[in-house]
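Read through the structure below, which is laid out as structure tokens, and then see the notes.
Labels run A, B, C and D following the written order; every chain starts at residue 1.
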Amino acid sequence: MKIDSTHLRLVGSCPDQVGIIARVATFIADHGGNITASNQYEDVRSKTFFMRYGIELLDTEMSASEFATTFRSLADELQMDWRLTDLAQKPRIVLFVSKFDHCLAYLLHRWKGGDLRFDIPCVISNHETLRELVEWYGIPFHHVPVPKESKAKQAAFEKTGELIEQAKPDTIVLARYMQIFPAWLCRKYRHNVINIHHSFLPSFIGAKPYHQADERGVKLIGATCHYVTENLDAGPIIEQDVVRVRHSDSIEDMMRQGKDVENTVLARGLRYHLEDRVLVHGNKTILFS
Amino acid sequence: MKIDSTHLRLVGSCPDQVGIIARVATFIADHGGNITASNQYEDVRSKTFFMRYGIELLDTEMSASEFATTFRSLADELQMDWRLTDLAQKPRIVLFVSKFDHCLAYLLHRWKGGDLRFDIPCVISNHETLRELVEWYGIPFHHVPVPKESKAKQAAFEKTGELIEQAKPDTIVLARYMQIFPAWLCRKYRHNVINIHHSFLPSFIGAKPYHQADERGVKLIGATCHYVTENLDAGPIIEQDVVRVRHSDSIEDMMRQGKDVENTVLARGLRYHLEDRVLVHGNKTILFS
Amino acid sequence: MKIDSTHLRLVGSCPDQVGIIARVATFIADHGGNITASNQYEDVRSKTFFMRYGIELLDTEMSASEFATTFRSLADELQMDWRLTDLAQKPRIVLFVSKFDHCLAYLLHRWKGGDLRFDIPCVISNHETLRELVEWYGIPFHHVPVPKESKAKQAAFEKTGELIEQAKPDTIVLARYMQIFPAWLCRKYRHNVINIHHSFLPSFIGAKPYHQADERGVKLIGATCHYVTENLDAGPIIEQDVVRVRHSDSIEDMMRQGKDVENTVLARGLRYHLEDRVLVHGNKTILFS
Amino acid sequence: MKIDSTHLRLVGSCPDQVGIIARVATFIADHGGNITASNQYEDVRSKTFFMRYGIELLDTEMSASEFATTFRSLADELQMDWRLTDLAQKPRIVLFVSKFDHCLAYLLHRWKGGDLRFDIPCVISNHETLRELVEWYGIPFHHVPVPKESKAKQAAFEKTGELIEQAKPDTIVLARYMQIFPAWLCRKYRHNVINIHHSFLPSFIGAKPYHQADERGVKLIGATCHYVTENLDAGPIIEQDVVRVRHSDSIEDMMRQGKDVENTVLARGLRYHLEDRVLVHGNKTILFS
């Protein structure tokens, strides 16, 4: 099918060598592609090259998948780990929540207003609490309770895994989901499961970070958006921010003020991820913001 | 001796009860004192009252020490832990440094320009590196090497303790002093030894925090000004701040950007301390900023 | 009627003189009041005293209004401009909006979740756009179109004035209401009409501040919460904040990022106002945060 | 002369078209250049392309000037406005000051410590005040008083112009120089004269911005680093930042807190400029930070 123009995003990393940009940019130009955005980073210590290109295929009969097929041989030569996104395809996001509604409400409001552009096949929760809010937006809501007992918990996550598979998400967002996401799901959706942690990591890992912050008497509290890995709150960090607190702030005051930071840090991190601005490098991220 | 007016600062904490402010403020007024600044905090959880008053004694024959003597009986009644500062007395500060000069240079420049008002009887260092800078400002510089061997190290800190004693400081500032301050000196000058730690505590305790920050891939780095206690980097926090870093920042870039945060956080924290704005409460601080 | 305890807030300002705190605090203690929060500020230049007290009337038969009546004579002596708030009375807030929904959605969500504690008798808008959202929260929505023609506009605001009067609000919030609030309404509800302006005032007064920011090429954009006066965007500032923008941000990107700042600055400013933390002093505010 | 490797920086802008990156990157690779850093920006509204490349010429007999000569024909084809920097050449900076010493002291300290890498042929001032500080660093100090009378002032700036010419600077920094830099000097060193203004522009243009900030009652004060043009405080902005102030801060407090912001904003802006990260686009800047 011929269309007027195709918008793509090409993201990749490979061992650094002379001429990578020349070869990739020449490839793009030779295939009728206009570069509309471009970022590169040359990591000196690991001698690794990272790149992100926005591409507009002009007046061409080439489809996104044909472009990908053609690019493969160059990528192989460069030993490049890469992916190509067709911007005509809206990303699909499955949201996980528990009882706290602020991150969910924020994302849904921004999503409905068009500030965040993706599809939400469903929301999954271990509680019924937020069903009404989710369904008001016309989104399917699945309640999958997570028992404490080991076998029952395993079964719950198998059920969860099936629901995810049916939803075919590109990205999973844990929007204050108060359960540890199982390792096998982390691996299956590696670098595509995003969590918001309500502290400035690596401070205050685990449960009740605002209580920990209060206990330690810090003068700033924060939030961290990161990829979920097998290690609790230790995955690659995408975005962080902080807000000042005072001695007169109770834990409840911190939680209230923290909500704003959680909301904006999650929304910013998710946007970076969806716009292919985040490239994972070991346990760190390259962020083409 | 009669003087036109005496400026005092009265700081204290005591079990909370009805009428404390009334009694203290009435005492001040009855003794010809005009309250020029006032802060209180009523901690609900511990039922503790904290206060800070700036007082101008008008047309009175009462000296600061007479005021203190008279106040004692009220303070005893209220079971108050308190101190009175005569603003005519400049505080005395002993500075400790190693090789990094930025915090020292910043404090000395601000001190010479009159932005920070105190006397510096001496600077003590475990290296000769910064002697020239210190002596250019006309301040005595003591070089006390700190050997690694346990007994020699103990002797070095005994020598250090004597130098401090001779200097009669109100406050000791560790301006990037890369040695662990001995527990007995921490106790002797309890809540009067201030350290600047080059991370956002409790993240990255101990040595090489910028290396740790780089390793973890955080998106913000910070600095923390805190009171020194027997527990490394775990004392009550006075002030903190952060600055954004990027994936392209090397450890050296972080160290360079961190300098600005260290400088301003230390200067702000020290100013709060000298202006009696910091009241220690357990392992936290009340900050009347 | 006897109740267990009454919570009050006493706020005032008067010419500075010796003994004000003593007299006010003694008055409170003598009438069985426990001071649960206290702030004062002594403005040197204007020789004005400002105060804010949280008061718990313990085991007393005195009501809030009796306390007020009794306090009047002391206030008169001190030439004090003051107000007393009974915390048992929820404040009433009328919200004004146009078409932009983010500030409204943010306030309503926080209000429903209990983070902001007030009653909303109605929302008034010059457009129908946000009716559905408002009514979902069970709040009456009034549509009062504002024509451009002078007489018709005047009539519209007379109608608006009547609606406000029926709603008996303590505070009016212009949550991105894109009309100039008439001077007579500003005067009638003086220091009780709060606006959120989508720039860092005094930069970019008036319409389309994000376009102005883009035009000038600033590196930070901001938002300002202020009291509305007869002079456009020139009333006393309550709260401000900023967010960093980049050369690659379009005006739409700025508007999107600005929403977060607008939301949090308005919510913080409104909270300060409702908690009687804002005292107007000429065209500036004392902020007991 | 053959050297092991030559480090260059190539910066340019031109009308956008398909294939620019391909052609430039291919040119660099074909001439033995390894791209060590790369930034591009495609401005949609003006259809302009901006680029910055760090280049390492490996094992080549080509000098920086030969590279430039060879690049010229490609640049002409692309209608590119460009410049090439040989990193072996340290930039030369002339500093202008009046009486305030904080920005000067900060830059000199950072310069001596190696954090800022440039040569300072001289410092020029309309006052003698800072001679001692400048000469301590071994830098020539020129005192050129600037009379108020029009003809004498003109003569002073002619003298100034001669001193600059002898110093052959790449960049001129007005480090709190309290005189209006004449239009003809702005034009002569267009986009190479950097000023630090002690407000968050466009707020508080002109003299005494801290007094203006106090008068308006803002809750944040700031500083702006910008290129100097004929229009006072209206040139392209390089960097800005802010710091929170309180109602209790006097103008002197603001000035003191503002110093930190001025220092870091100027140092950051100057570093961006020296690293060729700032490309002027109309009255705005592209900032490859």
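Please note the rule applied: a contact is a pair of C-beta atoms (placed from the backbone, for glycine too) under 8 Å apart; a residue touches a chain by one contact, two chains touch by 3 or more.
Bear in mind the structure is a predicted one, so any value in this text is a computation, not a measurement.
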Chains in simultaneous contact with chain C and chain D: A, B
Comparison of B-C and B-D (more C-beta pairs in contact): B-C
Chain located farthest away, centre of chain D as origin (C-alpha): C
Equivalent interface positions on chain A and chain D, same or different at half: same
Geometric centre distance via CA averages, chain C-chain B, whole Å: 37
Where chain B touches two or more other chains, by residue: 37, 44, 246, 248
Touching residues (chain side chain B, partner chain A) in the complex: 41, 44, 200-204, 216-220, 222, 236-242, 246-248, 250, 281, 283-287
In the complex, chain D residues that touch chain B: 37, 101-102, 105, 109, 113, 115, 136, 246, 248, 256, 259-260, 263-264, 267, 289
List of chain D residues in touch with chain A within their complex: 18-23, 25-26, 28-30, 32-40, 42, 44, 58
